[in-house]
Amino acid sequence: MSSMGDKVKIEIFGESHSAAIGATICGLPAGERIDTDELYAFMQRRAPGRDATSTARKEADRPEFLCGIVDGVLTGAPLTAIIHNSDQHSRDYENLRVRPRPSHADYAASVKYNGANDIRGGGAFSGRLTAPICIGGGIALQLLAKRGIYIGAHLASVAGEKDTAFDAVNIDKEALLSAGKKPFPVIDDAAGERMREAILSAKADGDSVGGVIECAIIGMPAGHGGPLFEGVEGKISSAMFAVPAVKGIEFGSGFACAEMRGSVHNDPFEYKDGKVVTTTNHSGGIQGGITNGMPIVFRVAMKPTPSIAKTQNTINLETKENTSIDIRGRHDPCVAARAVPAIEAAAALCILDLLEGNN
Amino acid sequence: MSSMGDKVKIEIFGESHSAAIGATICGLPAGERIDTDELYAFMQRRAPGRDATSTARKEADRPEFLCGIVDGVLTGAPLTAIIHNSDQHSRDYENLRVRPRPSHADYAASVKYNGANDIRGGGAFSGRLTAPICIGGGIALQLLAKRGIYIGAHLASVAGEKDTAFDAVNIDKEALLSAGKKPFPVIDDAAGERMREAILSAKADGDSVGGVIECAIIGMPAGHGGPLFEGVEGKISSAMFAVPAVKGIEFGSGFACAEMRGSVHNDPFEYKDGKVVTTTNHSGGIQGGITNGMPIVFRVAMKPTPSIAKTQNTINLETKENTSIDIRGRHDPCVAARAVPAIEAAAALCILDLLEGNN
Amino acid sequence: MSSMGDKVKIEIFGESHSAAIGATICGLPAGERIDTDELYAFMQRRAPGRDATSTARKEADRPEFLCGIVDGVLTGAPLTAIIHNSDQHSRDYENLRVRPRPSHADYAASVKYNGANDIRGGGAFSGRLTAPICIGGGIALQLLAKRGIYIGAHLASVAGEKDTAFDAVNIDKEALLSAGKKPFPVIDDAAGERMREAILSAKADGDSVGGVIECAIIGMPAGHGGPLFEGVEGKISSAMFAVPAVKGIEFGSGFACAEMRGSVHNDPFEYKDGKVVTTTNHSGGIQGGITNGMPIVFRVAMKPTPSIAKTQNTINLETKENTSIDIRGRHDPCVAARAVPAIEAAAALCILDLLEGNN
Amino acid sequence: MSSMGDKVKIEIFGESHSAAIGATICGLPAGERIDTDELYAFMQRRAPGRDATSTARKEADRPEFLCGIVDGVLTGAPLTAIIHNSDQHSRDYENLRVRPRPSHADYAASVKYNGANDIRGGGAFSGRLTAPICIGGGIALQLLAKRGIYIGAHLASVAGEKDTAFDAVNIDKEALLSAGKKPFPVIDDAAGERMREAILSAKADGDSVGGVIECAIIGMPAGHGGPLFEGVEGKISSAMFAVPAVKGIEFGSGFACAEMRGSVHNDPFEYKDGKVVTTTNHSGGIQGGITNGMPIVFRVAMKPTPSIAKTQNTINLETKENTSIDIRGRHDPCVAARAVPAIEAAAALCILDLLEGNN
């Protein structure tokens, strides 16, 4: 369960303050060339400091390849890449074992690991672990693009402000892909400005906000996936919940379908330019767990950053008394913004796995 | 990918009109006694005909045990149970290969299986395949109850009508568990009556409606799951998407968290009667992918039944022309109602797997 | 762990005296036609009573297909086939829980399953469970033959008598494949006669004998498998140990390689009719865990049937005293003879899985 | 397939001349302390140069921990350790793509990886990859020892010279465990001296020899494993074939059982000091795929080192002509000697996985 994928499999390792974090990706196709500059550029999209709304922490997330690639060409052997963790603040993290932070993993992890988990900087639960996902996903994105499959995501909403410049039937590929590369990843910059204001307002209050990321997989051929446990929705969803802070996922019309009638929700088929398409895409490109050739469209809900400056109630596990906690440090007031490339990366790994495994 | 679980694993087989459907469940604890009457009663909860809102079709879903159980006691070997499919209507299902039904798997499956899939009655994509999930899940529910873990679900909304009689912090266990046993599975019967009216109104229009099912896992101990790909949310979500018609899932506050601030969303810890609890449960019992001892709460969105009586646009795959289709037959106007036990069953299999596998 | 395979996966279920035994095979290629008569003929090869050396028990092992096949064509959905167990002798098997039979699973299984395992007729440990392996393997053999891959096995030795009419470099395909179809599966019938005499002699003494089965996979293309845990030897070996009574496996020169020098053992490459071959085949067709295009050749050691008529020492688990046991019933005096098709079947499942999974 | 284990899982990465090789081990029990000095000492057992019979190459195989361990205590997160590859000779390895070495992976790998595999130093097929197995296995050995389970191996034969000082029923634990720590890993040093002479004689001839390693798992409790694909023999065997050069494995009496009668081969049960034992151990501690409480005993056959100094026939894949090859470099004339700790390591990982996974 600590890895993902059947044919193309990724295994993530590392803790926030361990010597390094990294990933091993197996099953990548031998002989394919990877553009490492493009990969580093992709990694930079999740680095902090690109926008005033993100944390001031610095993370130099340039992966170092240990094996599996020679002169930019995949050898077919497992590819391992690591990112060294630079020297970290020696704050008294042990305090967090005694007084767990609300809505962090501190308490739950302490029970699971008998208190032996590395609690420094969030340990294995840190959002920093999305960097290795981006290594594997960044490689997968390149391999998929060679096959005409493109994956892009944008912030669909933050604190109630929505970026609605997205049409799940006729996706503007360029607009979507360029959104992800902006310092603030929206299609409609005016909507983005409203989101940024909401984030900075929360930050000023010592608070945080949540958001929704919308992702599309364009160019996906029909016929991948399967019924029941083979379904593409299940596969993508389990990948998405691996990204810290994700609390929900919906495909196509998603939860809105619960208020729709079948006659509205059903996607009629039609021939368009000789190709089978649907005139609506409430199914999000997946029917019966199998891709139908339309873009796969899904949205994930990301909770507000649990680390906030406000004083919060918690407990003292030693004295077994109720107490409070003040969390210090520099935290993203909205994790959704920087999570956009991680969502694309996780999706890319799923899709490449399906294709390479004949599934 | 055609099975679910690591230690307790379920494999589903069968097609709507094949000789039988069934499930093999491996890893069940040897020596435990199963109450087969209780299991049959559970199976009846998904049978049609219990409420005027369900299909008039008859399905005698009494499982026949082939192996793995002797005199009601689990032997530890794989348990296989089947349900014979009775004689089916010999309608011209082949027509569906040529003119795929909108939002059904017909077209996508035809591409994947080169047109060889059993299309009769929906084949492997039929909602009927939730019966084997209920066999495995019904057994799992009994085994969990012996350990003080109870799983219940209810219809949270149908066509916009909501059953709000549910408190994720202080769950009324009896009310929740008895809701599932009602012909129409709601906690608040008045809300249920409004839902039923909406369903019958859609049915009268030759149409269908979607819904949301809310599920709670009560008594779940803290410390199960893990970060990244080990997370409980990912595990449960992939199980839920195995249930036909599910298009979304959210844990705790779910998509609503995107509009909340961290100071509201965070669940403060406190000691209550010497036990660690949280005063709110926006996390849905899971933090960092690990259970925190609070009830696990999640909701799944179910799309409207795609089989509706209205004429719909589709294509003719032979002539490659646009055309239309009229679907006949007796279909549930709202699949969400009968899916409630399947959601409980899938959740139970996930939780038993976690516990038995020391995960 | 209760199933085998990644892309083409088989799950076996059933106990010797349960209502039925069977198998579910997932990932079979949709649209391929299966010759069921050929499959039944293959199943008959493991049926008892074909030769005087086998048990007089009757087993009508005609599989009944529950799903996954329509009019002889694979639908792509899981294929489940079962064999009903006819009424069995109601002997007092419970005695075996108290006085475990030497070298049977009785004692070990009793510990694992807390005494709840179905002990009748050997339960899940019965050699009868090779029948479901033969169902899946028989199908796989047909699919492989369409691709020019043939698998055959013969008894290489029994009680020291050897059938040496086998050349691992230039395999006589017809001779090998027809050996398996004989009532006594040897290439050299004279050697077979000596083996049969040894078996009947042991039987007359109330005893049993072991044997070695040699198997070849002809027409296997180069380039399948991989290093370390991806190796073809590891994959095949774990399949072989699933066949009851197997206690050893060796590839190519196997254990004899331990007494060879590299200059003798190494297989020199050469071009022959424009094709890459090796002039010897001590590697058994596998180098570095990957097929090299030569026939895959391996041998498995099968222990003597543990059920013998002679009185044996054992213990009484209730009184905790040393005692003895007399085993009654009709048992094969040499399980190796009837295991030949099971070895071919297990190998076929491995190879089909490699091919279908792009591995 | 690129990893091993269900609950305790190891993934190996690296190529002979890549920046580093290493392993990620998941599922290790949080809170357990690892003695890193003991681990380094174990790693040294596979290092070359301890005996005149091994290669003169130097390998400083001191693992560097990247994560998963803090102050010697396992955190429960994946543990990754790497060994940096020091600067390597820049020989023209590309030649090996054109003229594959007999009985090496060169040709087979070239087909599989389309010629993109890292061929330098054997790439992913190098015996050097047993070092990461030893990291994971060395940790597993320590964790098992705390539970009273000890694993030891010795050279049972080399070039026909045998170390017979081993009794599978009453194993001399101290003698076995100390054998592994000797520069030349035998129990009977006189036998070892004869083996060494055979190795040095082959080396003097520019040749190599094979050998057999015998391994015992002492203190293994009864009741682990299962029938069919759950069997302990299958699990251990697939682990053993992951060690380069292994061509065969047998449990208990192994291939010798083929010449034994059941009355001799069967292991009678008896009570000894109130404990259930068998008076012989032809089953090698496993019956019906399940441990029976006796020591698990198995032997693996290791082929002669394929890299020999003698001129050998091979082909030129470019000109498609038959040609010859002279292999240079410093190679172990008998890989079996240095493989002993790798065999113990692979076994330890299997056993720990069984125990931690409740299997």
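Should a chain be cited, it is by its letter among A, B, C and D, assigned in written order, with residues numbered from 1 in that chain.
Here is the rule we use: a contact is a pair of C-beta atoms (placed from the backbone, for glycine too) under 8 Å apart; a residue touches a chain by one contact, two chains touch by 3 or more.
Just so we're clear, the structure is a prediction, and the values are computed from it rather than from any experiment.
Think of each touching pair as a link: the shortest run of links from subunit B to subunit D has 1 of them.
More C-beta pairs in contact connect the chains of A-B than those of the other pair, out of A-C and A-B. Separation between the centroids of subunit A and subunit B, computed from CA atoms only, is 26 Å.
Measuring from the averaged C-alpha position of subunit B to that of subunit C gives a distance of 39 Å. The geometric centre of subunit A is 46 Å away from that of subunit C, both derived from CA atoms. Shared interface positions of subunit D, defined as residues touching 2 or more other chains, are 2-3, 6, 12, 77, 112, 124, 227, 359.
The residues of subunit B lying in touch with subunit D in their complex are 6-7, 77, 227, 356-359.
By the touch criterion stated above, subunit C contacts subunit D in their complex at residues 1-4, 6, 12, 100, 102-105, 107-109, 111-112, 124-125, 129, 157-160, 202, 205, 207-212, 222-231, 233-235, 237-242, 244, 246-263, 265-271, 274, 276, 278-279, 282-284, 286-293, 301-308, 310, 312-315, 317, 320-322, 336, 359. Taken in their complex, subunit B has these residues touching subunit C: 2-3, 9, 11-15, 18-22, 24, 26-27, 30-31, 64-68, 70, 73-80, 82, 112-118, 123-124.
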